[in-house]
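What follows is a single structure, and I will ask about it in a moment.
In this document, chain identifiers A, B and C correspond to the written order of the chains, with residue numbering beginning at 1 in each.
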Amino acid sequence: MAADNSRTVTVAELAAHVGGVVAGDGQRPISGCRSLNLAGPQDASFLSNIKYTQQLAVTNAGCVIVSHSLKPSDIDRGSLAPLTLIQTADPYFSFREIVVLLHGFRVHAPMSVSPLAAVAKSAKLGANCQIHPFACVGENAMVGDRCVVYPGAVIMARARLGDDCIVYPNAVIYDDCVLGNRCVLQSGAVIGSDGYGFATHHGIHHKIPQIGNVILEDDVEIGANSIIERAAMESTTIAKGTKLGNAVVIGHNCQIGEHNLLVSQVGIAGSTQTGHHVVFAGQVGVAGHLTIGNLVRAAAQAGIAADVPDGQDVGGTPAMEMKQAKRVYLQLYQLPEIARKLRELQREIAAMKTPPSTDA
Amino acid sequence: MAADNSRTVTVAELAAHVGGVVAGDGQRPISGCRSLNLAGPQDASFLSNIKYTQQLAVTNAGCVIVSHSLKPSDIDRGSLAPLTLIQTADPYFSFREIVVLLHGFRVHAPMSVSPLAAVAKSAKLGANCQIHPFACVGENAMVGDRCVVYPGAVIMARARLGDDCIVYPNAVIYDDCVLGNRCVLQSGAVIGSDGYGFATHHGIHHKIPQIGNVILEDDVEIGANSIIERAAMESTTIAKGTKLGNAVVIGHNCQIGEHNLLVSQVGIAGSTQTGHHVVFAGQVGVAGHLTIGNLVRAAAQAGIAADVPDGQDVGGTPAMEMKQAKRVYLQLYQLPEIARKLRELQREIAAMKTPPSTDA
Amino acid sequence: MAADNSRTVTVAELAAHVGGVVAGDGQRPISGCRSLNLAGPQDASFLSNIKYTQQLAVTNAGCVIVSHSLKPSDIDRGSLAPLTLIQTADPYFSFREIVVLLHGFRVHAPMSVSPLAAVAKSAKLGANCQIHPFACVGENAMVGDRCVVYPGAVIMARARLGDDCIVYPNAVIYDDCVLGNRCVLQSGAVIGSDGYGFATHHGIHHKIPQIGNVILEDDVEIGANSIIERAAMESTTIAKGTKLGNAVVIGHNCQIGEHNLLVSQVGIAGSTQTGHHVVFAGQVGVAGHLTIGNLVRAAAQAGIAADVPDGQDVGGTPAMEMKQAKRVYLQLYQLPEIARKLRELQREIAAMKTPPSTDA
């Protein structure tokens, strides 16, 4: 919808494109991707969640991308025509490759530098940039090749963007911040606003100049209305390949590792560092000055108040190792019953300690 | 203040307007609405919260809207003049009707299409639209009659708005998204930014084109800086009459039902659906791929990790049925005491099992 | 980086500036501030967190600001040259004074009223205002002296700003809102969007005109993408000296006291009031219509559901007195073990009550 190549290929061609195996009719023409329940004979589809497995029995999809372990004979279609499958080793990624092939990414409207944009004379723009109306590029800012800067986006003085960045409407990059190549800022993202730094003296909170900046390495994506505070000194860094959801807040001086996934509404207080491939689910909160190891995962709403070693899954508030968290929260539900049993035992023991009545 | 019709009516006229009954002086002139503690003789007021009941004894309000069950004789005013009441069946709604009558909604400054706005030639604007300076309407976008698009608001390509929508400053509607009639987007709201969809392959998170859109049905209001992600495929939908607070995040592919109230900072992960008249209090988090029934209510900060049947109230993390949650959190407070008693019982039982000392 | 006075002073001059005592070489030239691990011989530094104490042993900083209680002899530098210290009574504040001296605050690019800004004819601008391109100042708005209004910022009709305010890109001030002197709005902050007020009648949520406004007193700073709802009637107020982090939401009619620190992602529901010097850590949620006393502090993610008296520290959900919260959450971790011991005791008591088998 947002982008459509209107390309039609056969199931066999799709399978070849993703290194998969066709089980069924390889000659069907496929022209788009849709969800299982809405797909028609010309659509490729995908089982996105195990909850929807029963939809395989009734979908009208032209083909469905599945793992090698799923066979057509596993699916009872009743009187419906058998499903055509494309079996691959990593079906989710294969489906992604097919969406890219058939639909592609958003096609940005052809645009050069709009006469309605405000680009400082000292700013440097790379080749083939698209600077939309009411976008601003400040003094001595540098924008790489093929960047798209949508309406209302503001790139403040001395900020530097690599090549192929996309800055969606009304996103803001403060002065001196640095973006690598292929970074994406969704609407309203704020990169490099002042860190929350105040020195309280005689009851007054005195603002500390935040003289650092923010560095986003290559292939970082920042969701809508997320905020990365600039460092008090030095740089707040989001390392390459890391993707943030919406309304995420990263405090000043944080060092976020490579290939992290920080889901919507996560908040990380200042000076915390994370390893590579960390995954924080929605609304996770992390205290400041912590060290989160590589490959750590935190369940939604977890509250992390201490360092977490490499590879550990955590959950709960305060966050604990995931298996323990599951045990704890299972018992939490039983807590009134635990209290009741405890009172019962107290009564029984009191009764046992009471000497039998002599007039019995 | 923001809007004022400067209209003056009598208490009796107000009562007639809302189908209520006057207890007291129906001839008093009333020209505005104020809170109980600040209202004067020409102001209508309302008991917004039971906590403020004692203010009835001392308020100077010209009249107070109350339910039929409250009588003037219930209120001890001491030496003050008795209160004039307007008794109605639904006093909160009646008060709302009176605020609308006496103050009305925000009066938008008269404005047609500003020469400082950027409206694409292929865009279609309805009758009597107000397009403010630095607002953008993209290629082939359609805006219905009497819409107000404030400064810095961006309507991207092919987006469609119904009639009487209000888009406050710097709100953004991404390409291909659809708004019904009378939708309101407060400042900084983002409709249709890319869903958080990445396929991880060999440790790299590959972006999946988000080829769907967002549909807001009629009478939807979205609070400031809230975000509705566009669907991976198909549409993320907010059904008619639903109102979102601020900084709310709705994940891609969600189907939010009719007349929901989703309070500030609520987050709902992808592909979850809610029934009608669902109410989520502040900071509630909901996992993805869940089904939330009709009329479900969740207490503030609840973490919903499983389907919820129709009509159920839930609270806590992980969310449980509300009565159970209250029992659990009551006992939670007692947990150290429970642990202490348990240790005491262990000691007592150990003592009972120990044979009495023979040298006693 | 964002601002640099390029000033060089001696350690002795710095010490005099902050009323401190030099322990070491007072003649060293110092030209900037850096973190302990990156500072060089011309940099002043500071121990920001006790976790980094060992860095004192190896830092190359030209001088380090410490408290009077830390002596050079406390630091084992091995074969490295001894550290030069500046000892003060409030080292964090002293360091702040030094950052201000050596780097200063952001220098705003010289700019008067841009011809690309939209300033209503009826608006009044004070002396030496900087109004950037694509900023809007609405009808009858008033902006004090020396205010800086960055690109895309919108000041709606009849809003009033005091002197020396800074409104960063794309921040929005709704109609009739009032800012004192020296207020700072980071990017995307929204002041005075409509309060979440709906009267539900026969299943329909009817919007209540929000006829109040927002008042920010002097020296208030609002973080990026934070939202202050306008009052239903009267004013939502943030009293002087209070600082909000990012993505904070303050509901309509709240009365936030003086010198509060409300950290990122805090949410406060409508009509709650706080005393002076309240501190809420990240993601704290507060219910509506509550009274929070002076000097109250709440730990991260706390859920405050009841009034809190002056001076109390609280934590947990629902929030409880901090010492109790620590006890509770310590035991929470032990909950599975508590349940196990309880089952064991039940078995033991059952065994004690069972008469010994007669055929033993």
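Criterion: a contact is a pair of C-beta atoms (placed from the backbone, for glycine too) under 8 Å apart; a residue touches a chain by one contact, two chains touch by 3 or more.
Note that the structure is a prediction, hence the values are computed from the model and not measured.
Colleague: Please tell me whether the contact surfaces of subunit B and subunit C are same or different in residue numbering, using the over-half criterion.
Modeller: Different, since most residue numbers here occur in only one copy.
Colleague: Which rotation angle, from 0 to 180°, best lines up the CA atoms of subunit A with subunit C, given as a multiple of 5?
Modeller: 120
Colleague: Rounded to a whole Å, what is the gap between the Cα centroids of subunit B and subunit C?
Modeller: 25
Colleague: Residues of subunit A touching 2+ other chains?
Modeller: In subunit A, the residues touching two or more other chains are 134, 152, 170, 188, 225, 247, 265, 283, 301, 317, 332, 335, 338, 342, 345, 349, 352.
Colleague: Considering the complex alone, what residue numbers of subunit A touch subunit C?
Modeller: Result: residues 118, 134, 136, 138-139, 152, 154, 156-157, 170, 172, 174-176, 188, 190, 193-194, 196, 198-201, 203-213, 225, 227, 229-230, 232-234, 247, 249, 251, 253, 265, 267, 269, 271, 283, 285, 287-289, 301, 303, 305, 317-318, 320, 324, 327-328, 330-332, 334-335, 338, 341-342, 345, 348-349, 352 of subunit A touch subunit C.
Colleague: Which of the residues in subunit A end up touching subunit B in this complex?
Modeller: Subunit A residues touching subunit B: 1-4, 33-35, 38, 48-49, 51, 90, 92-93, 95-96, 99-100, 103-106, 109, 114, 116, 132-134, 150-152, 168-170, 184, 186-188, 221, 223-225, 241, 243, 245-247, 259, 261, 263-265, 277, 282-283, 300-301, 317, 329, 332-333, 335-336, 338-339, 342, 345-346, 349, 352-353.
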